[in-house]
Every structure is written in structure tokens, then in C-alpha cells.
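All chains are identified by letter, namely A, B, C, D, E and F, in their written order; residue positions are counted from 1 within each chain.
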């Protein structure tokens, strides 16, 4: 069990994008859209929770390196059957930020679940996945291309 | 935006069970099973990360109450196409532990992703969902039954 | 240096209310009201930051007891010359929640400062103070009355 | 809601100084000075709490970047009508440390309040404010000058 | 890997006492006693760090339950060859606080090491151990007696 | 009380190695070796807890700088009379990682204690100590040599 040594890697600009989809009842979607969730503004809370969780990634994912993050952006968009979440994390460090992006997307989704669960306990968080990473020795990876393209 | 007041609710024994499925390449499954992941013992790390994340839920999910947890168990099981995770959280408190169970399951999955990502960036975390909750005013809910049966 | 022993005190319902005032330029107030702050929705972020900080109080205030909180509410209201913040924290525990209310109000104010500081570095956080506490051996205290009234 | 991208900014030496004033009863000031506060050494606790809180700023202020800090100093000085706090934070990073300095000053003040509150619940935290920042693209700002002087 | 379920145990008053001994050079002891350590008041910092670490125990010890603590006291005493640390933690909960006491004693010792290490890197933390626990189903244990005496 | 300013130091590769020894009953050693500890895999948990604690050092040791770590490794080895722990931490920063290595070793030991304490409350954590540090202005120090050899 080790946090692998990245000291010999170069500091380079790195980006990771992750997405998640939270499936919910049409009535729940409507309640969110119309601002009728008692706990408050669901989308604002989800975005902020995502940003904050990105910063806590090394506490949540045991072997993840603690690094400085240069930017985090979390978007939550209405989609057919639920809400789509997209998290973008940037750094200029010796290791990538895939885990930060995945953690941000997940935390945003869990926050929505929490705020709406009294209405819809059956919501399902589907398809949390990396969409893109770039920078660093392993180069660019994108879900569409499905492979490293240095 | 508020953490709703649960002071008038009763302290009762409460349980929540959440599950998650992490889809991966057959080669990744094999590498985990054969202990060939360089970062260490993936299943042990995932279980421990899940337990620790359950305790950090109020830091990750903004409107979640900070409460004492009486027990947390995280299981990771090989399944067709990937690994299945199951988290059980118990408390004797004024509010439920659904978010703790979902957070534990998610953190366990993200930990596996982190330890195997250099081989398989395309892994997808599918179907994070509540399976069961019991205790408290709203009674028992189970995914199969799909409704409260107080 | 000690966290005083409260084990012999009774678990009772306790409430604390704290307020803060953040003085700012009229142009900053206008920019917030009109949603022109680049970092996002200032009031939603401030409220959420306040709720989350209440939960972290024992990490920030060294001799403060770690306890379960039953409810937290943070309001941010436009006022003459700036924004007024009001945080209400509730518990059913052996010790009061004055520090949690003060920490919530302060964190909400610092969050507003952070989001607007590129426009207005001169903002001043004035008059962070306890307004009311009730419950527990020392009874009710209110700023207006200025004394315990058991 | 986003943590703005600072990846293109340069790493430069940056300093921020914040101050706070905690108004209290003359009897409270005397009790602190004479070491009669039951919870322990108030000034030492306040200074240490301020340093520790500076490190936790990204957990408290949602859109604040997590960065390495190169130095933190917190002073607490007796003043007419209360205690004056001054926090100095330094870094060599892509973003400033104003929020760290403000958070340190505030946490020091809250710690004093906590240790003395059983005697003096009416204490008021007045005038938490930035005094100076230097370094970075926006240059030097000082409260006296009241403007950037690149 | 599980945090064992303590939900069926009774809430009872529990105490744990742990001790530690930090061996150091006579010159280091003298520098501490005479207040010549550049980083500040070593004993005050150690006591405060111990109290704060007790609260963080569930973050540091993975299978430790998150519980409310009713009191924490940390003492640091000059002794032959170094400093002796004694941490006492109390709770009224379903599980004991041995880990909290051991963590507090250890953190206090590490804090002293940190503040004096530029003078004396060879300091050794010896004999971190439980001295006493009482309360709960397993009753009282004391190092001297060496056995449970329910 | 201050976190001393290291802004003028150079970023260089630094390593620290710390060790600890946890003395226990022969029966406890056997139970660990044979995998009969009810809470789970003790050695895996200890290693992971050590890695995670290294990342939390600035939260536990008050005047310790928050920095990026480039690698952490924790080993736990059976030894005569107990278990020996060895933690290696690496960074490329302006300050050393002795405290991170000592904290990792200690947290690993406390985790073992926690998992076995129902069988063996008398375990003693002996000889937590720095073995080696290299890098930075003060150069290399090793316990054997006992002195800096720049």
C-alpha cells in the first residue's frame, strides 16, 4: 500500500473532466426546476459541494496525492430523466486530477440526492466516469477516443 | 439553504444499505484478483476507504447532520463485468444514515478506480443507489418494495 | 488548557443565534444584487458555507466540544451599507452551540468577502456577536436583556 | 459557482496581513491578563488556533484555492477596550492569501470568545479587515492607501 | 474491515487515560524550560494540539467510532530525561475513548518534537501506553493491575 | 507561536524515514499473523492509515507547513516481541517531511492498537523516532551517524 512517488515527474498543466448522471422521477425534476425543494437551492448547493469535495479528495481517496488545484468548475444541467453533472479540475503539478474531477462530480450528485431524498429515495447515480484527461507523461485520454494519444 | 431541524425527532436505531457497481475490463478484474495492482491490496483499501468516508459524510454533503455512527461495514465482491460494493451504516440517532451509506459505497468505488486507473481509465461507476433504510418516522424503505412500509 | 468536562450536564434542547454585518461599497452591493459577481451566486454560497462551517467548529475553535447538531440555518439579508448575516444553530446536547453560531456567521461573511474581494478589498466585517442563547444550566441570555434570565 | 482558474498566473511571493478587534468588559481583559481564565492560557491558544485555521481556509471558504503556505504568524495584543489581533500569512504561489489571513484573525478571536464566554457573553468581534496585501498581478494594496499601487 | 456495531451497547460514562514519554537532550529540556524555543511556547502548544487531536481521532484511526467527547485534558510535565505527557478523555457514549487518549498523548509529543527538532532530531517518543480505562461492558482496566476488574 | 517562514528556502527533493515499534503479547502477534482479528486485515489497515495520516499532518501538528507530498510508503513487519513500522515520505518542497514520516508511523501503530485492543490493552508503542532525513539546507541526518553531514 503506497502513495507512489511522483517526485521525478514534471510539473505540467493538467486537466481532467468527469461526468455523472443522476436519474430521478419526473416529479423530482420538476420540483427542483420550480424551486420547491424545502432544503434550498439544489443546483447551487450541488455545484458548491462539488468544488469543495474536489479539495478534499486526498482525504477521501487514500492513495491520492495532496496537491494544489488551480481551478475547479462544476456544472449541473437538466437532462432527459434526471440531471447531468460535469466537473472540470485543473492543476499545474506532478500528478493528474482525475480523482478530483470524479470526486467533485460524485459529491455534487450526492448533494442533490440528499436534498431531494424525502421525495424520491429511488434516485440512482448512474455513469460516473472520466471524460477527458490531458497533460503529464501519459498524455491525453478521452472517452470517445478511448486511448492515449500522447 | 438549511440543515433542517431534527431536534424533535426521536433517537431510534436506524440502518441504511447502499450499493454500487464499478464496471471494468476483464483484464483489470483479473489483475485485482491476482494481486497484481502495483499500489497494493485493492479490496482492503476500498473497504477501509468506505468506512472512513462514512465518517466524513457531513464534510462532503453540505446539509447532512453530523451524528455519531454506531457501525459501518463495507463489502466489495467480484461480479460479472466488475466489482459490486455494498455499504451498511447503523446509528441510534435523530436522523437517518442514507447519505453515509451512499458516501461509503462511492468512496470505496473511487478508491478502486484510483488504484487501477493507470490500466483502465474507462471504468464506469454505475448504479450507486440506496437499497434499504429502516428506522425513524418514515419507517422502512426498500428498493424492491419501492415504497415506505412504516 | 482543557476541554472542560460536561459529562455531568444534562442533554437539553439548546439554541444559539449569532449575527454579523459585512460593510461594503454601494457598487459591491449592487453587483451582488444584480448577480454580476463572476464567481457565482454569492448569497447561496455564503449560506451554504455558514452551514458547513458550523459543523467544523470543533476543528477551528480548539477547546470546543464535538457534538451532534440538530439544525443549522444561515440567512443573508441586504442592509444599509452592506449585508447582514444571521445564523441559528440547535442541538440536544450537554453543551451550548454559541461557538457554532458565531463560526457559521463568520464563515458566511468570509465567503462573501472572498467572492467580491477583487472589486472591494476594503470590506469590513463588523459586529460579529451572539444575539441569543437558550437552554442549559445558565439559561437564556439575550443581547437586548444583557443578562441571564434562567 | 467556480474556483477560478489561476493556472496561468505566476508563482510569486505574496503576503497578506489582516486584523481584528475583540471588544470585551474591563473585567474580562483583567482576567486574561492575570491568567485567571479556567480553560487555560488564552493568548497562546488564540495564536495557535489562528495558525491552524489559516491552514484550513480552503475547507471553510468554499471557492478558496488549496495552496502551500510558507509562513503564518498571529499576534494578540491588549488594546483599549479589548484585544487586537494581527495575522500575517505568506506564500509563494499563484494566488494570494488574503482569505488565509482573515480566517486566521477570525479564528483567533473566536477562540478567545470561547475561552471567556462564561464570564462575558456580550463580547463583540469588531472590524475584521484586510490591512495589506502584496505580490501578484494586482500588486500591493494597503488599507491606508486604499488602492492598488502595482 | 468494519467499524463494529456498538448500537446495542449502553451509553455510560467512560474515561481513558494514556501517557507518553518524549526523551530529549538535557539542552533541549533546558531550552524549553527557559522559553528559548523560537517557534513559541512549547508546552502550551503541545497541550492544545493534544486536545485538538483527540477530536480528530476518527479521521486518523480508521475503524474508530465518531462520538461526542465530554472532556479532554492534556498535561505535559518535565521528567528525568525528557517530558512526560498524560491525556485524559471522557465521554458518555456507547464505546470507549482509549484511542482518543492515545491519539491526544501522541499528538502532544509530536508537537513538541516539531517545535524542537532543529536542535535535537534524535528525540525519541517512548512508551505511549494506556494507563487506565473505566466504564462500559469490559469494566475497568489499569496498567498496574493489568486486567479487567469489571 | 508561529509557523516559521520558509518562503526563502529552495524547493529541493527531500526524504524522511521514521520508525516505530509496537510491543504486544505473543498471542496477539499470532492472532494477527493468522488473520484472526475480528475487525479485519490489521497490516493492510495500518499501512493505509499511515499513508492517510501523513497527508493530515498539518492538521495534527499545529506549526507544521501544509505542503504537497510526492510519495508515502508505510511498511509493517513482524519483529521479536511485536511489530516494527517504517514510514518513508518524499516531497519536492521548501521544508522537510520529518513530521509527516513520524505521524504516518504513529498512526499505523495506533491503528494496530485499535484493532487488537480488545485482546491486549497493555500493548506499548515504543521508540517512535526519526531514522533519516535528507535534502534541504540542513542536509542529511541519520540516527546512526547522529549528525548533519550537509
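As a working rule, contacts are C-beta pairs under 8 Å (C-beta built on N, C-alpha and C of every residue); 3 or more make two chains touch, one makes a residue touch a chain.
Keep in mind it's a predicted model, so treat the numbers as computed, not measured.
Student: Name the chain whose C-alpha centroid is most distant from the C-alpha centroid of chain F.
Tutor: Greatest centre separation from chain F goes to chain C.
Student: Using each chain's Cα centroid, which is most distant from the centroid of chain D?
Tutor: Most remote chain from chain D, centroid-wise, comes out as B.
Student: Using mean CA coordinates as chain centres, what's the gap between chain A and chain C in Å?
Tutor: Each chain reduced to its C-alpha mean, chain A and chain C end up 29 Å apart.
Student: List the centre-to-centre spacing of chain A and chain F in whole Å, with centres computed as mean CA coordinates.
Tutor: Once rounded, the distance between the two centres reads 32 Å.
Student: Multi-chain contacts only, two chains or more: what residues does chain A have there?
Tutor: Chain A, residues with two or more chain partners: 1-2, 4, 40-41, 44-45, 47-49, 52, 56, 59, 62-63, 68.
Student: Select the category (line, ring, star, complete, other) that matches the graph of chains linked by touching.
Tutor: Basically it's none of the tidy shapes, so other.
Student: Touching residues of chain A toward chain B in the complex: what are they?
Tutor: 1-2, 4, 38-41, 44-45, 48-49, 52-53, 56, 59-64, 98-99, 102-103, 106-107, 109-111, 113-115, 117-118, 121-130, 133, 138, 141, 143, 146
Student: Give every residue of chain B touching chain E within the complex, in rising order.
Tutor: 13, 44, 47-48, 51-52, 54-56, 68-74, 90-92
Student: Which residues of chain A touch chain C in their complex?
Tutor: Chain A residues touching chain C: 40-41, 44-45, 47-49, 52.
Student: Tell me, which parts of chain B touch chain C in their complex?
Tutor: The touching residues are 1-7, 58-59, 62-63, 65-68, 93-94.
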